[in-house]
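The structure under discussion appears below in the form of structure tokens.
Chains here go by letter, A, B, C and D, matching the order in which they are written, and residues are numbered from 1 within each.
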């Protein structure tokens, strides 16, 4: 039997505590909704971690035992300790998968991996979003036809200040006329990153079947198959022929 | 003084002959409208060529004297001789720039360079298109702010079956809700290709100031700075140290 | 249990018939050596096909039942029927994986997918090649450390006229001083392509454990997870909201 | 007349002060050698800046008046103030070109833009390097044939931990058998980056005609043609139609 993929679902978990309407949508937090779906799949070992836990729930033990991490943050990016962000960054380069969702575009971990501002245009008007498939047959889009629709969302619009993606697999249009790189992949070091736009706290995005399907596929796609290890980098002439 | 860029504006030139309304928009053909704008810039030497001329106007002499070619075709792609398409293909790989516009997505020369079907969704409903800048500061977008609008266009929608572009610099949304990779670059061999979506025959697209600005910038960007030459490819040991 | 990946190992199979030394290295043809290794893995259904079979062994039934095809050709690229090459091309765009090996760089199927000449420098001097990992952790490189060595090979040198690859995962150096993009990936349409340099007919390359490991990994990586289907492409306003 | 490109040649300038042999190779510092070559071209306005000047010579005025910056650092990366590195980073994203040379791979500014460790293998044995052209016709390679040779260099070997480059235009082989991505481009934000490997302090690399030609070409290629400006990012419905 194939080994299970060890997933850590990380959530800032502040909106759900402060706002009754949001708490009603996500009774166990956004992390709880995502984790419950993942647990039901059978091929994942799932844990959750949140900002207000010691070390944000991301101890060295948890990091070492995580194959893929999903990240959601919004109003408290600055409260994430630099030291923890640096550890997550190193783990991604060593091979851990990272699924950055929605407002995680401004998280310490995502901006550090991108090297850019990751800024964008935005609007909260509950408008319709159509997510168009720009790479049919991609493993992350398994089970998705040529588009799917989210009826009420926060808008994110171009220019999205990220490097040219390795793959652009989803592009959104919004009722207001803007467009966005809504599903993009990057492969720094030995790791794999998927940025996935959907997910505002005030809409039940993480209960949507297509959104959950994409997240699930993305975790499978991002699971590591090898590691980056440098060891001693100063190499004498002929070192590889003596091995 | 810098050398002028030698441009050949190629047009199928059939719609304009057959349809009075189109002839009224483009009194000298679409090629005439584009060529007139380019001639006014001062840094181009411009000629035109059309399908019904001998060798489609693309003799060996013309090809050898072309730095950048713009291509527009729609209803008569199949009438372009394979031999001529092959010569244009070779010239692009050797370093000639190519600006493929609108329905040229299905031309022999573009599909051959892409290696894919280049198919897409489409609709003729005269709807509004917003072209969003996805790479600010790109030379092809000089003088363009963060978007521009075309009030009445034919829609092209994803999935657009091209390889992952080297750069996606413009993404369109349409009133109907679709999106499209409207400005994309590729650099096969020593050549540079820019695919630019705007340009249906029944709308005055090639009289639009922003469209003409992008075409003009793209020609400057695509002008060759070197050549690909293979020569003898079977190389003895040590050949490069004897030179 | 996961479904087996259906592999078709295609070989020109001419050298092995004409040259005793080559026949001694590959007693059942290069396709036989590769197929035997794949059969031993347990997760593949393997068939072979060769140039001199009717339809080159690539009937519509075989193509429809192939998830990933490996291709080796050298002296008889021109004998591959255009019609068959076109069918294989379509299947790749629809989602079939393609592993193009060594001299397949000039095959009809590979050059058609690339859109370029695919030319390169070369030398037959039996020199040493070191293949360096340029993307640790890539699924195709599972089980490979930071390099592997082939003691006697034909040299291929840059410039290799292919489009900018999606990923460059292996770069070779040769004893004579040249370098080469030896492992590169592309993802046209819904398909995945891996070009893998090793494989001359006069050296026992396809008996090398690392070469076989890379081919095996590449087939797993290239196996389809979805399809590209266009259907009717002319779409009325509002079509996706009525669905 | 075209506007001159304003170049700031930045150098750590420590080796030249401490080591007589290095001082003998670069009597006015490495920055002095590079600046002298650039001044002779006619299309640049050149200034230099070094680590030990106030604000490392990179005041707000200097940054605002720089179109392209070249960067060389090695033993004192940590002494570059975070605040200054952050300002240079912002300027690159806004559109300034950056030419990072040799050991600048570990500089604060380069690693911050890449988002990766930028680590590599290395050896100081004065061995021969051959730089092979992997993209003929690229503007940065104008005047370069298919390769050039540096007789005595420090070796840098793969894996080089950078993101998949936008373009790989030079690949090196070393006498010892290693290979390296020696000329790579990136385009974050509105800026353009060229990483160029040659340049150790103990060899007269910045007196080599081909090296100087590549640096000169790269500065012209990286000169900005536009800016990234975000302004107010929260956009009401219909904002772009009222403009």
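Simple rule for what comes next: contacts are C-beta pairs under 8 Å (C-beta built on N, C-alpha and C of every residue); 3 or more make two chains touch, one makes a residue touch a chain.
Just so it is clear, the model here is predicted, and its values are computed rather than measured.
Novice: Can you tell me which chain lies farthest from chain A, using the average of the Cα atoms as each chain's centre?
Specialist: Checked the centroid distances; the maximum from chain A is B.
Novice: Report same or different for the chain A and chain B interface, where same means the shared residue numbers exceed half of all residue numbers found there.
Specialist: Same-residue interface.
Novice: Compute the distance, rounded to whole Å, between the mean C-alpha positions of chain A and chain B.
Specialist: 37
Novice: Based only on mean CA positions, could you tell me how far chain B sits from chain D in angstrom?
Specialist: 32
Novice: List, in ascending order, every residue of chain D touching at least 2 other chains.
Specialist: 130, 135-136, 157, 159, 164, 166-167, 177-178, 187, 189, 228, 240-241 - these are the residues of chain D that touch more than one other chain.
Novice: Using the touch rule from the top, collect the residues of chain D that touch chain C in their complex.
Specialist: Contacts found on chain D: 130, 132-136, 146, 157-160, 164, 166-168, 171-175, 177-179, 181.
Novice: Report the residues of chain C in contact with chain B in the complex, numbered from low to high.
Specialist: 93, 112-117, 119-123, 125, 127, 155, 157, 159, 161, 163-164, 166, 176-178, 186-189, 228, 230, 233-238, 240-241
Novice: Using the touch definition from the top, list the residues of chain B that touch chain D in their complex.
Specialist: 2, 95, 130, 135-139, 141-142, 147, 149, 166-167, 187, 189-191, 224-229, 240-241
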